[in-house]
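Heads up, there are several structures right after this.
You will see chain A twice below: alongside chain B first, and alongside chain C after that.
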Partner chain A sequence: MSENGTKILVVDDASFMRTVLKDILKSNGLATEIIEAADGVEAVRQFITHRPDLITMDVNMPKADGLQALKGIMKVDHTARVIMVTSVEQKHIIQDAMKSGARDYIIKPFDKGSVGLVLNKALRAK
Partner chain B sequence: MSESNYREMYVSEALEHVEMMNQTLLKLEEKPSDRGFLDEIFRSAHTIKGMASTMGYDETRELCKNIENIFDNIRNGADKLTHHLTSAIFTSVDLLQRLISDEKLKVDLTPYLKKLENPEEDVEGIESREDTASTASVSTTIRVKMTDLDSLVNLVGELLISKMRLEQTIQNESLDEVKTVLQEVSRLITDLQYQSMNIRLVPLDQVFSRFSRTVRDTSQKLAKKVNLEMNASGIELDRSVLDSITDPLLHILRNCVDHGLEFPDERIKNGKSETGTIKLTAARKGENIVISIADDGHGINEERVKAKAVENGLITADEAEKMSHDDAIQLIRSAGLSTAKEVTDVSGRGVGMDVVISQVEAQGGIVKITSQKGQGTTIVLSLPLSLSIIRGLLIVVAGQRFVLPVSSIVSTLQISPKDVFSLHGTDVIKVQGKIVPLIKLDILLEMDVIKQDDEDLTIVVVEQEGKQRGFVIDSFERNQDIVIKKLDKSDSSDLFSNATILPDGKVALVMDPSLLIN
Partner chain C sequence: MSETVLSKLDLQKLDDTISGYISKKMVPSLSALLNEEIKFSSTKTSELSFENMSDIIPHTNTDSKDVGVYVTCNGEIKFGILFHLKLSDAKKLASKLMGTDESENLSVDGKSAVAEIGNILAASFFNIVNEETGMQMMSGVPGLAIDDAATLIETPIMETALSNTFIHSFGELHCVDSKIIIYASIFQDPDDALKFV
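On to the complex of A and B.
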């Protein structure tokens, strides 16, 4: 984690979902700075520019999907902490994502408590 | 963020996706196996599903899940997008739209899901879509580009600095400096005016794209073949103007399909292609947006319109005989002159062209109709870019100043009282060979008249609903931008509902030509 707080990149094509997640991150005190991206391509670009401490990554997105963006970020920095955001039926994608370097996953609709747990765990790990 | 804010965000974003699904489905009908379109529609269903599950809207989530599955299957090659399936999905997307807009709506999904599974079967319990464009008015929020908001905030900041500078320079009592700062302030205010009006702008595409669906449904119902060509030329329009013309446009389009275009066999017989074409285009002309709806159908039946007008007592048989082609076409503007032989299920909803036209004119718009027998009909709507600031002519009536919207003015002229003659007891003048009745505004407004009889008359010729009238006024001043302020219900009268504040701080009433004429 950087010294001046935690920077989190929230990636989702729906601005509604980004807002919901941002509000959870703020109310949990998990992030001091939040950056957003609305598609996979923007996600990689934002990652390179801002080097966030953690990334939450939606799966279905235009331009490049979450898996492609995950791989792109991993190429830039294989230690990046990427948390996948999926729905219940998409659990099969998780395996692929984990193989590609994702740290963990959270499920929509978000449960505030488990989002906190998963993200905290990832942030504590190196 | 509060629950209601979440809901607002959810509704506006989810409805955008519904719109996208509708569009993509229409495109898929042309190219049923386009992978890009299939991905897009899958993603929209998936996104709404995610948002709905967050909001706890179970029916919406469930319906989206089913639509998502269908497209997943189509992508895998396990299913095929048939014509029946497309229609079933359209029905589901309509339901989705209703579920999103109306939080309290309770629907039994079973028949809809059954229809999705067996699209060829007749399933009971499915409500068909009500064909209105009301999605536009469901949400009163607009999404604004961050950069637009930023520049607005910037401008306000600069204005604040200028204000402080002005206070400073006034203390120094240097008139030259004050003038310089004032110039800066006025530049900032102009920028601010444009920027804030910009924020109210919505792309016309958003409304246009909704029409493909209406035309598809209408033409299918009537077994006509229609090709809708649309070009919004990237034009953006004030949200309130846009909302107000959506229904009229929808009605005109439905009319085109129902009454304007011929059935395929009839078209072939007349040497036309089997598929009719409707061209919906928009262009910007000065301060106006011009929207044109042109079909290549059989055109308005002049004889039938005339006969109907005579039957309704609008004109005499003699007048009908002498009437020019153009004037006869304009008759369809009058109430009760729907000429279609029978009222059909599609456009016969008791709404005639007269209602459509008055809706557009209520927004300061103008409607022009032209038609060629056998070749088609063209309806052109011309609308102001914005309703909050208009171009107005300052006129003086009985010593008081009023504003007349420039959009309704045909010409201004000065004539000798000798050129006024009386026709059936009404004072009229001749303008370019046309007889134009005069309205003395001072008398109409019950104001004192101090006028000599032999003085030249100043007249503003105004056109509304195809009718020209000459308003007799004292004098006119100049054209200028007018900021419209709506009068409270208690202050407004039959003739005025808007006012403005003039540069000298005085209030002037804004005239509504359509009210004055009637």
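On to the complex of A and C.
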């Protein structure tokens, strides 16, 4: 964790979903600072600038998708904690992401309790 | 160009399959998102030609604009799903999701919310297709448009119908408390439709 609290980068092309996730992060007390990105290219840029403690990454986005952004972030820092966010629960997508360095995944529509558990677990891991 | 024509039996089997998929996955997803009961009876599946396009325009209100959210699916099977609502229902939906008043105009965030609902509902359908058939597919980024109903259905038909006819499956999702109605249309080329049967 950062010395100044927990910084989380929320990546999703849908502003509505970013708002939903931010609300979950705030209600679970998981983040002291939340940064946003609306596509994979911006996600990598924001990661480099802010070095967040955790990233939630939507899979399906324009410009660069979540898998591409994940790989981009892993090249910068292979210890980055990335949680994939997907509405399509297909094994091959999740497996690709895990092989590329994602720590875990969450499925839309969100179950607030489960999301909190997954994110908390990822933040506690080294 | 494909010359495939589906038999009455094929169409019935397809209708039963798609109806089952919507019932098992799409309805519970929408119910969870909106926290209310959703009523869905069954779908109606038909093989149509471009000349019959007007037969499948949902009867919303021809005097006003409607909202369409369109998601494509590509991979081992290809189809398009269009979710269609009256503009007033789209505003209600956005207001409900965001806890803001969207009754005047659908804001940028409101459009995002409605598009995301379409995205999640389409994904719930893709998930069950994958579970039941093992077919791998990738969904596209959802597109939202506000236009008259006839214009909204043109794009899905043009994109998915590769042959002289196309398969159209239609169902209505009725939100019991909010009275929002979401029309779900699935468009397929007959060759892809046969993969379901």
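Criterion: the second predicted complex is superposed on the first by the 122 of 126 C-alpha atoms of A that agree within 3 Å, B and C clash if a C-alpha of one lies under 4 Å from a C-alpha of the other, contacts with A are read in each partner's own complex, and residues count from 1 in each chain.
Methods note: a contact is a pair of C-beta atoms (placed from the backbone, for glycine too) under 8 Å apart; a residue touches a chain by one contact, two chains touch by 3 or more.
Quantities reported herein were computed from a predicted structural model and do not represent experimental measurements.
For the composite obtained by overlaying on chain A, chain B and chain C cannot both be accommodated without a clash. Of the two partner chains placed around the shared chain by superposition, chain B and chain C are both touched by A:P62.
In the superposed model, A:K108 makes contact with both chain B and chain C.
In the superposition on chain A, A:H92 makes contact with chain C only, while chain B stays out of contact range.
Once the two complexes are laid over each other on the shared chain, residue contacts for A:F16 go to chain B and to chain C alike. Comparing the two complexes, residues 13-17, 19, 60-62, 87, 89, 108-109 of chain A contact chain B in one case and chain C in the other. By the touch rule above, chain A contacts chain C in their complex via residues 13-17, 19, 60-62, 86-90, 92, 108-109. Listed in rising order, the residues of chain B touching chain A in the complex are 1, 6, 9-10, 13-14, 40, 42-43, 46-47, 49-51, 53-54, 56, 65.
Per the touch definition, chain A reaches chain B in the complex via residues 13-17, 19-20, 23, 60-62, 87, 89, 108-110.
Within the complex, the chain C residues that touch chain A are 29, 32-33, 97-98, 108-109, 112-113, 115-116, 119-120, 123-124, 126-127, 130, 136-141.
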